[in-house]
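Labels run A, B, C, D and E following the written order; every chain starts at residue 1.
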């Protein structure tokens, strides 16, 4: 069914989603060497190589070699200026795993990622359903809800930090006027909440546009059949539309997880800088802080390795748990 | 089971009329077939009855109740779609159950009805399969099953067989007819397959350009088409329509030449003359032997084409110049300008 | 002819950034051989990180401004050309003995500085005189105990919602300098002056622990306020929201131009019954990096010469609030009567020169000090969120900091 | 269709209005902040009504941030990323879906794996790669003895010749950001949905692979290319960390960096009004792209079946 | 124009055979129609000839030249696809020009050929339209145009009409036949529509399970099906096949009861007895009047079904128990186990 494939594909276009996509797509892949090959194809190895060369060369120079260098630092301690380097085996890993702060970061990252992913998709579904249902103003709603997509994470982070600043932020003042205590500088939970809200806000438009597109592609005749079968709109949505867009939802779940793991970097940097007391220090932010800002390259490389493993595990787990329930056929 | 009544039913899309005023009474248990060329408004009409399309003006009554603004779910109508519209994520059983569950039928009742429908349609072995695991014919049956399981007031069919191959089409056609007779459910059936229209209908409704051209039993419509349009549309190969004024080398016998159009069914064209018969002379352009009979394509001298359907192999060859004869009784006469039957 | 471009990466933004731009423009206008290009690469840490990344690939600037916190890291990096060497080679004569004592005390290694002290500072105590008057005080008290009473009074009398704004670099002003001022050891081996084997011991000082407890209590009582992301703490002070602010003397630039009320500053408070020592030096120095061309070095030397000149020093100090780093410049300002007119401008230099420096007040020379500082902040935040006691937090910070020191020692053992 | 569910309609509009409001609220406050004077922007509580200085602030921000230059840089870099990534991805996806050749799957997996490590995590080595792009070649020449060979035969210093520094160049800003396979996968997905017969018809019509690609496949992927262009445009325009690290020359910075510089930091004048008004014109290009191309966006995501 | 020769042509997908050894000589200018049930290998065979599928073993010669490993573009063959495979982003004119441009025809030549083809197919008014702006029939013509414009050695058609409605199908079928005769191009045509197969073919090739069951003119195949499979496959309604051993209430007359299968075409079943005719007795289940004739569905007593096709309206009613008669000459006898014709 073309739609699911297409929607499953496009997210890849975004920034990091690749991981997700890649794996999402791997479903369609290999087993036999013919996988993903058109029935009508050419056999011109020379030309194929030439077509692949630009991508592979760019990847070699700007991905493989740098990644190899980055990961290989995981087993050394190194002077950032490059003068000295000591091989330490797994010491960097041992130190990380023994550190309560690191474990806290792992723990926060996991639940942050999950909650962010679920809330984003749930809200996006609600909006998409409503958009699908209303007739008047549909285009306008769509344009407006898509707007955050245009905003650089740097800016949206700053906006959120400002709006919810307990001293001056209008929204913080609104919350406080309701008698609810609010201080993301001192209350870890508030900070975590803020980071989640900001990341959801930034990412919801992405899920939304995919879902709107997917819902549009649900065959009209099925909805009509359901109508004659006595299903009212809400029930129709849950029993027909929703199951039919599961490939998109699944794809988005994977994407959201990847977003949570990697992409929220900019927001955290602007909103909480990982604080207070490391409460919002996600793994990728820590890699960045320790490696790039603090220049603790060895530890940071070890964290990258662990992060990569977690990313892969997370995705695989999702596939195990969710993918078999997905309908790829319409 | 219920009667359906349409009174001056109209539908515009924007300012473009799709259905231009239809009056039709379908009696309880009757099987009506709608035929007509593509775009004549058959589907639109059907969808208005189902409630999937709003009515622009006119009245629509089911079992005596005006349902113009009743939701589809509440019209107690089942529809079989051209592409079946089976829910791909549900098993066959779930597909059948869905409409019952939505209407809050008790569990046992649901199970019994599904079992019954499955038995009638012989789809028990596939109940646990997903639609994509079924062949076209099997899917068609499931779509039928979904319609009958609810025991609705009426069935609506929108070209339900057009996605099947010829062989299967014949078979399913017969089954649908038997089933409809057995259940006695009021049905409206849209098709543009001649054979389906002729064999299924209690009454045939021929539509054209958003209006009804003729209503009648298939035989009536076949034997006495009321308009030129119906004459040309019903029957395969289609009726030969000859412009009297344009056809020189025809020996009309006693018939006074008049400005009109004369229709002749291909199987009324004979090689042997009978008394008082009309004679056409023309060249054989093409002979299509199709087993039991052959279609002979003739070209009359003034460029009018004529098709004759003759039993067995025609004893003639392409290129021959031959005479053909038609009984005067087999002629259909139409007024050229109004298109209406004159005899 | 084409001017030689000399790149300089610095960490000064806002009003200070404008002064830097003016400085560079002036230098570029003063001669026609060199063109200094000043690039702001973020705060001190970001600036340093960017430089290291660039250095690894040979894209480093010629001059880099590094904070005092990066002193050891820079010194042992093997990536710098000592400024005296450079100046000598390029034929500039700089009198290294002209630097005022607190500056030379920190920057001189074996009698010569490794870098040019450029924008030296120390934290001082800023206050809103209007608010103090309103609350019935002439000026802040000299001890923390007195100040505490005043701050609570300001809050309770409703003079201000916020008695003190917490600076972003509070660890520098309220912890490190607190330890120095009270002669408490922050690390062993004279806070790192005597060797790489130094260890953090600030957690063993009851005074330091007490200081953190006090801050934490103030915060619980809403006397001390964190600005948080999206808001600058200095802004809380200049906008008249908070009555006091402990921060660098360099805040003169921003407060001077921003505050619309009668503001003033004074010495950092000390504990009752303690004779306060000098505070330590902060701010940045200009380091010259290896691997550049002769022309660039010539340009760098010319620029450093320009910066070190008494005229520039005087101008720079006036514009920013940084202390004049040479005696000549200091004397010139005094002679001008500048400090009579602007008494707050002298606080820093007086506080820096107060008494005889001890091992604990000379300053801090820890390898990778940025990393251990980051940990300290994280742990202290744990106190403010109520997850840890002050003692626990400082213990943790010391333990984690020591790991960093040991790692640094291992990597630089041969030196 | 007959379905009048007033309650649900009201509910849906309410949800959408709420959603739109939630989405717009931060933007609204940004606008308010951008329309105030420096004094007004510092007041508490923060005003809910915009001031009158929006255009002044825009002008100030534009000049102060040297945006005339930064805008051009951003456009060049963004267009470079969009075009570059589209091109290499299109041909790579074409190779992978339409050719049978040895190591096809290996090539595929090599590309696939590049999705597993975000750039933040490997930023320093990537920087090294860009600053010394020829480094690996030198290393290769070195260990294989080629440089020695060349050196001894021709006296030519290969080592010295193999230098390629892309710091502060547009290519350096662009290339590392195209080094990811996301778009390749997307196009692969699209190509898999193109009817087989089109390729067959083209082959019977005497078209070779290149002609088929140019004449048939590319025009068919129009909508998808458009949708992806939007995503890539926004991705490229909003890049922050890489240009930040990578550009030392103020003349090479991008609009986002210019904006970031206007965002007040500690010890600086809290010129939020300037920063927020700048935010408006910095987000203008992506916003306009979204508004103008929104139709293509949905289309590109949905109708890939042709 | 060229002869096509297939010698023991085989195709395996992996280890699964799709075409199991086909020998066939198509002479220059001949129109061959391939029929057979779904999955029997028709398309595969066609695609091998076009060069779109590699040949597993055997030989494939076009105009005497072995083209087994020649690129499709160089085989000088044109193909019309079931879904037309028109380039959606090109105008009709561009669609027609594309193959010529790729082969480097001079501009004027291209223009002339396109104009010619457009004239032949009467698609001049649509030349500047995009395919999606055309109706199904028009698209079909464009697909044909793309094939003829190159004047290739052979045409291959893979169910080119199956996406059209019945009426259009008849019309296009006739046009294709006329066109092919006029151009005299060797053609291979795949269909599973009976009528198309019968009317288009010079010779009919009936395939089943990857092999050829029978080759012959349509009339030969219709009148003397060589196997049970062909007997049941060709003809509509299909031939009645009666298991002699199972059919009790049949009066076989002189025919000795034997373990075999007897086939009777529906139109060979008469109501009036002729001399020596065989008699069947059964109940009328359903009567389908289809205009000129009616299909009568009978049920014999042992449960075997029989269809009779009678001219006009059958003078009987559903539920009647009647006798039917079949001339001995109209019987087809088959061996039950081998399925081969025995008479």
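Note that in this section a residue touches a chain if its C-beta (ideal position, glycine included) is under 8 Å from a C-beta of that chain, and two chains touch if they have at least 3 such contacts.
Just so we're on the same page, UniProt names per chain: A = sn-glycerol-3-phosphate transport system permease protein UgpA; B, E = Sn-glycerol-3-phosphate import ATP-binding protein UgpC; D = sn-glycerol-3-phosphate transport system permease protein UgpE.
Just so it is clear, the model here is predicted, and its values are computed rather than measured.
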Overlap of the subunit A and subunit E neighbour lists contains B, D
Greatest Cα-centre separation from subunit E belongs to chain C
When centres are defined as mean Cα positions, the distance from subunit C to subunit E in whole Å is 93
Taking each chain's centre as the mean of its CA atoms, subunit D sits from subunit E at a distance in Å of 55
Per the C-alpha centroid definition, the whole-Å distance linking subunit A and subunit C comes out as 40
Each of the following residues of subunit B touches two or more other chains, namely 51-52, 71-72
Contacts with two or more other chains occur in subunit A at residues 40, 158, 160, 162-163, 167-169, 224, 227, 232, 292
Where subunit C touches two or more other chains at once, the residues are 53, 56, 227, 231, 241
The answer for subunit A against subunit C in the complex is residues 77-84, 86, 95, 101, 158, 160-169, 184-188, 270-273, 275-279, 289, 292-296
Listed in rising order, the residues of subunit B that touch subunit E in the complex are 37-38, 162, 165-167, 170, 174, 177-178, 192-195, 198-199, 218-219, 222, 234-238, 265, 267, 286, 288-292, 295, 297, 309, 313
Counting only contacts in the complex, subunit C reaches subunit D at residues 7, 9, 13-17, 37, 39-43, 50, 53-54, 56-59, 61, 167-169, 227, 231-235, 239, 241, 247-248, 250-251, 254, 257-258
Subunit D contacts subunit C in the complex at 42, 44, 123-124, 127-128, 131-132, 165, 167, 244-245, 248-250, 261, 264-270
So, in the complex, the side of subunit E touching subunit D is made of residues 47, 50-52, 71-73, 77-79, 81, 83, 85-90, 98-99, 102-103, 146
